[in-house]
Amino acid sequence: MLEVANIREQCSWIHKDKATATEKAIILGRAAIAKVQLNAPLTAGESPVVKRALVIGGGIAGIQTALDIAEAGFDVDIVEKQPTIGGKMAQIDKTFPTLDCAACILTPKMVECSQNEKVHIYAYSEVEEVKGFVGNFTVKIKKKARYVDENKCTGCGDCTTKCPMKNVPNEFNLGLDTRRAVYIPFAQAVPKVATIDPNYCNMLKNGKCGLCAKVCGAGAIDYKQKDQYIEEQYGAIVVATGYNPIKLDKFEEFGYSLSKDVVTSLELERLMNAAGPTGGTLLRPSDGKHPHTIVFVQCVGSRDTSGCGKPYCSKICCMYTAKHAMLIREKYPDTEVYVFYIDVRTPGKNFDEFYRRAVEQYGVHYIKGMVGKVAPRANGKIMVQASDLLMDEQLHIEADLVVLAAAIEPDKSARPLATMLTASMDTNDFFTEAHPKLRPVESPTAGIFLSGVCQGPKDIPETVSQASAAAAKVIGLLVKDKLTTNPCVAHCNELMCNGCSSCERVCPYGAITYSDKEFRMPDRTTQLRRVASVNPAVCQGCGACTVACPSGAMDLNGFSNSQIMAEVDAICQK
Amino acid sequence: MQGMMIARAKELLQDGTVNRVLGWQAGEFAYDITPAVFETAEELDAGFVYNAFCGNNLSKYLIKETKKDGKVLVFLKPCDTYSFNQLLTEHRFDREKVYAIGIPCEGKTSGEMLKAKGVSGITGIDEDGDSITVHTVYGDQGFNRSDVLEERCLTCKSKKHVAYDELIGEDGEVLDSHRFDMVAKLEAMTPDERFAFWRSQLSKCIRCNACRNVCPACSCEKCVFDNPESGIAQKAAADSFEENMFQIIRAFHVAGRCTDCGECSRA
Amino acid sequence: MLKISLSKIQDLFAAIAADEALYIPADHAGQPEFMRWEAGMQMADALNTVRSAKDFFFPQTENLVTFKMQGQKIDIIDPRSETEDFVVFGVRACDVRSFSILDRVFLVDPVDSYYENRRKHGTIVSMACSKPAETCFCHSFGIDAAEPEGDAVCWKTEDALYIRANTEKGEKLIEKLRPVLEEADDAPVKAQQEQTRAIQEKLPLNSFTTEKFGGDVLLKVFNSDKWASLSEACLGCGTCTFVCPTCQCYDIRDFKTGSGVQRFRCWDSCMYSDFTLMASGNPRTSQKERFRQRFMHKLVYFPANNDGIYGCVGCGRCLSKCPISMNIVKVAKCLEGEL
Amino acid sequence: MPEVNAYKPKIVAFCCNWCSYAGADLAGTNRLNYPADVKIIRVPCSCRVNPMFILRAFQRGADGVILCGCHPGDCHYTTGNYYARRRMTLLFSMLDYLGIEKERTRVEWVSAAEGAKFAATMNEFVSTVAALGENKRLEDLRCKE
């Protein structure tokens, strides 16, 4: 039996007056004694562990986590909502600070995922429902209809060239070019399987066409395919849902919606990528001409306390902007590049050196100051009004292309997912970690782990290290055959329970279930009553149910009603 | 109305739909109606009543009645159907074992209300639409029904049934009631005035528990006030704190579950 | 016979209250209750108070003993200080009779000294009824509402209050009040009594009697199968026991004050599930048994042990206060058919 | 010198194990002073605090009760602090409705990192309650003897 009277941090260290501090220490001691007298032995329970992990999100974070888990010999499933894994990294051209090609380092990992027999990919799928608890989650996965049989499709791409619906915006290239209604997002997609977009396909919409079925040599096209639901058991779940750039419609001053030549940094990645809409030549989206003056605007929506954007720093923008500026100056030395920044933040190995190179070696004009207005001109130029805070002067730059470093935000699917997982989130929809310093890859909900930007903005190296860390945590969990559970759990006094479900409704873990039980009543009759029972393996011991229970049938081990009241009494005693 | 109800109850007993009927039974005087269970047509003829004094909300009895074998027929006034649903969401009885008939209600009155008007020595009461004639040993007195309505009926929130298997008579509408007028008045007071008001009201409490036991939301197997381990068990309020405490805790327990049936104010 | 004009009644109250506490029925937040008289307080006209007058001798809660802990030391403190003398004014005939019923419980060996102490210091001034209600049935127990017992008795007519002493205590009180009272003829009192008795003839419960329960009927009543249906609607709320002038069950409890224990007793009710709770549970396991206990006690057990005196005075409080209108009259009428 | 007979309010603080209790520890580590009248009771989550505990504290002579939990959205148990907030809003408005000064009760969100906020909150709360004086309305006289 143990109780602690906190007389150091909460007494002697704060109260200067010895007499009052001593008096308080006595009271705190008295309260602890009152509580310990009512202590009951706590016994931890045990629960089995299902030796399979689920990774939600198939970007670099999810891929790395899955591969590491598989490496340790455990089965792991990746659920990816897009038709292919790869995530944002697949869209990126080059990576900082080494400037190697993103696809070159990512695609081998994607292929490894598809070939590792321990890894199973549910692409074009979403998590629908999560039940259970650490070591024993039951997850319902919705496999959306592709209208293409994954097992038959060879990925030859014949259908994607024959489809008559040509003007579908290509989301992989962020709408900078078009694709067909049946498509493979990019050449190295995994799984390399075509997908029919039901929003554009004439056959699915109107029942007319059927061209793709005719050209498909493998006979893989299936217009009657339905969404499929799969239920699977997992011991651990890793969240790797990633991010998106924010929408810029609230930032009218930057003219994003006014001119095609005001682009986001991610769009610039595609414009510079060899597999992108321009085949790797940097051209203005409006007229296809070479831009000669390019203005980069940093912190668009980041560190924004006005309410339009995000209050946090998106962390990666300083570095990728330096990368973009450097690449442009390298490839097109006749181009003037201006970067407007609030601060340049370059913490990371070789990061500051990288930024210094951009400034010193590549002659990128870094100007401390914020852009006030971006206005397209009739002559196709874009007028950028800005202030140079160091020189204290107003600048007017006539640019050909403006690149906005839009803030990043967690993917919209994260919030409903957090609810399903009962994992907590902060006000910005980033998942919270169990401890900001000491348990950074675990969610406070046992058995839920965090990988990548879903936990907070980070770059690729950091994402990969966190992904591996999460994998290590998962492996540590899965190697156990049984888990000891928290002994401070709620329990129900069935004789007093009304079966009213009040506790069930407040339990964040679904730990409370009801059953009809036979009771021998004092008048020697037998009665069937609906009573609650707590699954000690699931209960985390928050105590919400104990307060919700109208009859006081629920109590919490280690923090029982009588114990807390004894403390109250002891404290208030004269 | 009473005739129609008896007739329908007899039919349902006859065809085996239900085994028992939960209704009201006349008493010694014209107004002291008691909830009762009837098992045969003869019992119904002999004792079943439905009049302006049948205020009791029968829904809470379903907890006990559905524990028995067979199905029970219950008559529910509009306000009772709200409690009925609340009990149902709390799994307090088995819906399958209940046949509910919604009956209209024009507001109830009670012996207490008449007595509050100074009536004593009641020997009989006649109802005729909106007027009520009370015969007493001291002579007859006439009242408008609206003048002797129970307090809760003055602020009736709904004449619409929200749960039933069948209805006898017309269903009404949800009303625009004035049930929060008093609250508004209290909220306008200073804390000192409010405290004085509540002390005066609560000091009337004799902790007889009638409010709790009559309340359809208070259906715990064991109330915290009866459980010595809860730390707040009381039988009779020992001092002003306990008087306050009982009412605060009870109010808190039924918060969000109260259906404004007003049984407590009647008790 | 002495009298005082109603217009001067406050003088009478003031004279009584001069050296002892005076309680009269008065309005308490809309309800008639016995209240400590203060100058100007009007006497309520109501037939009866919500709570009975038993509170004065057997209060709802009463401290028995206090244990005070200081370090290793425990002090035992008797909270009783000599109770001040008090007068309860305006007690109805039924309530007055209830005191003699309570006396049979509390003043027999072993004497309840708390009760005895209060009883010694209290003087009862009763008030004859002139307007009995339909719920009244005191005459069933041989009580004359027009001629109540008590240390002194009053009659209130249109314009005056007539008063007469019944006991030594009453004599003493009237002696003290002599200066504000005047001699009077008892004709108006006689007239009022006759009128009251005539009204009683007409009351619905006039013919109600419990005499059938006086004989050797214990097992017959106890085993009656009527109890099940009679108790069917009972909520077990205990209102009847708390308003009853003769219910005398109490529970002794300890309250931890933080620095010790205060042992107190409070009214209990046979209607409660934790009534007579023992380690083995409550011997009366269902509401039917608890319901039966109350009426068996009043109608059968009490008379069997107390020279045929019933544990009821016919005040009618339970008739009007029961939320489901189940009461001793209905029970007795239902069961007497079997006897 | 402190006044000898100055009125010392009794304050009970219920602190969530995951945030404000650690916040109070942090205040201690940083030697941030707040009145010794505040006594902390550790609970696993703010939602563990039964309104009964608060009434009990007032009964036993507390002059003020403060409940500290995690910031909205940061609850270790996902939603506990929301329950606490709803329950306390209800309880406090009911106490207010009964005429008990609402300044005697408070809910405050203090994270494990907010030692300074913890100390500041306590300083402020204690002075508010001290200004109101003794709790006379919800006390049980039996506990005062």
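Chains: A, B, C and D, in written order; residue numbering restarts at 1 for each.
The rule is short, and it goes like this: a residue touches a chain if its C-beta (ideal position, glycine included) is under 8 Å from a C-beta of that chain, and two chains touch if they have at least 3 such contacts.
The structure presented is a predicted model; accordingly, all values stated were derived computationally and were not measured.
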item	value
Chain ID, smallest distance between chain and overall C-alpha centroids	D
Selected interface, C-D versus B-D, where C-beta contact pairs are more numerous	B-D
Where chain B and chain D are represented by their mean Cα positions, the distance between them in whole Å	40
Centre distance in Å when chain C and chain D are each reduced to the mean of their C-alpha atoms	46
Inter-chain centre distance, chain A versus chain D - centres from mean C-alpha coordinates, in Å	36
Between chain C and chain B, distance of the C-alpha-averaged centres to the nearest whole Å	29
Touching two or more other chains - residues of chain B	222, 224, 231, 238-239
Residue list for chain D, restricted to those that touch at least two other chains	51-52, 56, 60-61, 142-143
Junction residues of chain C, two or more chains touched	255, 258-259
Contact graph of the chains (line, ring, star, complete, other)	complete
Residues of chain B that touch chain D when the two form their complex	186-187, 189, 191-198, 224, 231-232, 238-239, 241-242, 244-245, 248-249, 251-252, 255
Residue numbers on chain A that touch chain B, as the complex places them	495-502, 514, 527, 529-530, 550-553, 561-562, 565
Touch list for chain D against partner chain A, complex	2, 10, 12, 24-29, 31-34, 36, 39-45, 47-53, 56-57, 60-62, 72-80, 83, 87, 119, 143-144
Parts of chain A lying in touch with chain D, wherever the complex brings them together	6, 8-11, 13-17, 20-21, 23-24, 27-28, 31, 422-427, 432, 444-445, 488, 506, 508-509, 540-544, 546-548, 556, 558-559, 561, 564-565, 567-569, 571-574
Partner chain C, residues of chain B touching it in the complex	27-29, 31-37, 56, 61, 111-112, 115, 120-123, 136-138, 200-201, 203-204, 206-210, 212-214, 222, 226, 228, 234-239, 263, 266-267
